[in-house]
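Common to both upcoming complexes is chain A, partnered first by chain B, then by chain C.
Presenting the complex of A and B:
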């Protein structure tokens, strides 16, 4: 009796999982499996795939465009991650420090993040406009000459970085804030009794106790930054002269503009390995746990 | 607890500066083009005509409908699938449960960029390129939604279903009469998250929608702004505002759920 019951229970559990599992297998697992060998083929969509071994990878590694795209992606990540983590943390601390209307501020700082990538890109394209953008107008107050932000090989990437920081900062603030709010208030009371000031509490209580949150926010940010595509594609189109083209854009263009599917997938495989490396680093870092929030 | 006035003022100033670009978008959307070109912060007159102009241009109406169809149906699909999957992963004991959990977790970490080429080829085999099916079915955010919900279901005490089971309730009854009603905030939160993500999604629609009749708003707006050599920013900002209204309304109503969902989905509770 119990055995049949258990059996029925198992069948039912799988049945409940089935709709999701089917979609998951079809649109995530299957393409993932295919993604692992597609890179070894030459395939222009219309013809039949032809096995060419490592040739795609060889071409990739000897193509300057690939290395440039890789560097732009890394450069974007280096420029975005530290400010997004540090400013996110500082604003979360500010919002948690006995100020009024915390809920209002939390929502306010989150607003940019709910806007779409297109909306924020077009918005910042206007702000960074050389002749009438508000950024140059603001800088002119300090006597700085107009910069053609999005068409300048040096300034284009920092401009996209700035827009991205503005767009996604709210996400990190929320993560930090919900972690900070879990630190027991008694810790701070005890510190106050010992005569600690706000700065000391921040450095000796809040900051170290958030160790796992720091790692989480940092790693998530690295992962998101490495995926950079839309903002650049809309704001600069990868220009000027390919100076802002990123890895995902290179995959997109080789795959969907030139239809070199195998070559694009070889590139995507490199991209995946990089992401996998970051994920493994996260697991390693997170596994060393103490009492933290 | 004494409130700190100085810090409150600092927060107000920071928030104002922070939201200034957002304000600029709203202002520019009703400003005459000559004021935008003169970088005037306060427009000389309020012109609603920017909105009319952009509605006549391109296929904004069509893109709006596409976005609604895609976001609403993808969200319905994801929520129903996630409830069933989360109930099985979070509240049922069966061999292979751990394995399924790990697979879903691994699925969350596979980025769409790494599999978009084979996914596109698969859609081509199915004949789904440039169709609603192609836009809706891959449901890239489903694993994360199921994962968030399963975690939430797991925390509901077992006593509830045990009592119901003694009364002879089936799993289906327990799911819909006990677990789901008790988890409404979490269900709301994954619904809003999935809707917002889908509404704003750029990369996949860019790949799968090959003619402008199948564009969603993000892809359509970007193409519209990109196709003009001399962008008229007033109408473009008006389009931006229109594209943002649905998510802003949802955000205002459900902001608590949304933020809880964000924290839960990232592993901070």
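Presenting the complex of A and C:
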């Protein structure tokens, strides 16, 4: 009796899984496997793929553009991850405290995140304009000379980073805020009775108890940042002189613009391995110890 | 009675069947928006009204996504019957055998009307695979207010417009020193590294296609000379590094005197409030013909599994009709490429066209080679590296020669 029940349950479980599983297999697993497979072929989209072994990978590793794009991607990640995690955490703490208009602020920090990538990119492109942009107008108040933000090899990437932080911070704030609200209030009460001030409570209660949230936010952020494409593409076009071209842009250009599909797939395979490394690190870090309140 | 009903049904099926068969429906993809989009929509409406036997269903696709969609359509066997394609990228598609050759569908007299420099590029491997609709060359805009502000006027009080690149550099620098405005502005991508480059390279006597070698070869010395003219224009802050929108904003807001842009800007500038501008052919190298870069919107007929002779015929009829009426299209700034229309009163009466219509004959289109889409982006990037000081003129020229060799077939 128990056995049949179990069997029925398993069948039922698979049935429930089927609708999702079907689409997942069709639109994720199949394209993924095929993409990996095509990395070993020369293919111009229209003709029949021609097997060339590891040649795509060899070309990739000997092409400066690939290494430059990889570095720009890493550089963007290094510039975006720390502020997005740290500022996200601090603002979440502030938004959790009893300040006036807290609803207004919470909404205010989240609203940029719901805007589309095109909207925020074009908006910041206007604001970073050398002659007419509000950023330079603002800086000129402090006597800082005009900077040609998006067309300067040094400033282009930081400008995109700034826009990205403004745009995506809200998501991290939400993650932190909901985690902070799960910390039982009694902990703070006990600390208050022992005479702890707000700073001590933040350092000794809030921060350590959010350990798994820190890891989650950090890893998610690394994964998002590595995939950078849209903002850069719209704001700088990868320029000036290719100084902001990222890996995803390089994959897009070689595949869809120059019809070198196999080469683009090989590129994507390397990119996947990098992401896989990050994901494994996350699993390792998170599984160490869960938090208990 | 029963027999009668059956007969009636059969008859009606036959009758309505032939009725609908007589009307050929064709799909048409365009990438035009704004002023161009409106003209194209009117074209389609008017054509549908005047041709009861053909129904054109137009679909507008955002130009950023246009070629991706077209590519997907071609791969999946569901392309439109008619579509727009720039002649500069035609070889990349024609070489894959996805375009229908249409020579047998077009009368020879119609083809003879075309400007030779344009129709030449509609052929691939001796097959006619596109019908050019227009050419949109690079031209030279000047902002009268900025130039007058700098005191650069001739004896008649007209703002000075450079006829040569030497004058261009001289005037531009003078404007930058006497006023706070820039001497010139232009987009740092296609306009700079590809269009301006092609204009200068051809004015200096260069040509891309080497008949003897049967492929594209870039002359290093000439490329270096081109780069030295371009580089000089970015010295002393005469020209800022900007993208397309930024360069245009400087020009229309009276902050830049000269402006290199395509003729399509004529769809916007005449109606821009407060802008007092003129347009001319691009300056020339001393003693040279005013060659300029040009591309062309052409009409193509993608191959598809359910294509038949009727559809191709209908599609070509539609394309011919648009081209014959392209004086309407010229309102967006583009220049017609068939002599009938160029000489027509409708076209000639459009404002300022006489100042730059000659550019149509001096327009140099990208060479018909596979890989141009990739090579031209290398041109953009090399030139950007030049003007931000990453590469010297010689290094940039050297790299360009190498890229041409490794990318172009």
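The working rule: the second predicted complex is superposed on the first by the 269 of 293 C-alpha atoms of A that agree within 3 Å, B and C clash if a C-alpha of one lies under 4 Å from a C-alpha of the other, contacts with A are read in each partner's own complex, and residues count from 1 in each chain.
Operating definition for what follows: contacts are C-beta pairs under 8 Å (C-beta built on N, C-alpha and C of every residue); 3 or more make two chains touch, one makes a residue touch a chain.
Because the structure is predicted, anything quoted here is derived from the model rather than measured.
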Please determine, from the superposition on chain A, whether chain B and chain C clash or fit.
clash
Touched partner set for A:208, first chain B, second chain C, both or neither
neither
In the superposed arrangement, which partner chain does A:44 touch: chain B (first), chain C (second), both, or neither?
second
Return first, second, both or neither, reflecting whether A:117 touches chain B, chain C, both chains, or no partner chain.
first
Could you say whether A:237 touches chain B, chain C, both of them, or neither, answering first, second, both or neither?
both
Touched partner set for A:259, first chain B, second chain C, both or neither:
second
Touching A:130, do we find chain B (first), chain C (second), both, or neither?
second
Would you mind checking which one, chain B or chain C, touches more residues on chain A?
B
In the superposed arrangement, does A:153 touch chain B (first), chain C (second), both or neither?
second
Chain C region in steric overlap with chain B, selected from 42-50, 60-68, 132-140 or 258-266
60-68
Shared chain A surface residues [contacts with chain B and with chain C]:
45, 125, 129, 131-132, 237, 256
Seen from chain A, its contact residues with chain B in the complex are 9-10, 12-14, 16-17, 19-21, 23-24, 26-32, 34-35, 38, 45, 91, 94-95, 97-101, 105-112, 114-119, 121-127, 129, 131-134, 137, 166, 171, 174-175, 178-179, 182, 213, 216, 220, 223, 227, 229-230, 233-234, 237, 248, 251-252, 255-256, 261, 264-265, 268-269, 271-272, 275, 279
Which residues, counting only chain B, touch chain A once they are in their complex?
1-4, 7-8, 10-11, 14-15, 18-19, 21-22, 24-25, 28, 36-39, 41, 80-82, 84-85, 87-89, 92-97, 100, 103-104, 107, 109-111, 113-122, 124, 137-139, 142-143, 146, 171, 196, 199-200, 202-203, 206-207, 217-219, 221-222, 225-226, 231, 233, 236-237, 240, 243-244, 247-248, 251, 255, 258-259, 262-263, 266-269
Please name which positions on chain C make contact with chain A in the complex.
67-68, 71, 74-75, 92, 96-98, 188-189, 240-243, 245-246, 249-250, 253, 255, 371, 373-374, 377, 380-381, 384-385, 387-388, 390
Chain C-touching residues of chain A, taken from the complex the two chains share:
44-47, 125, 129-132, 148, 150-153, 237, 239-242, 253, 256-259
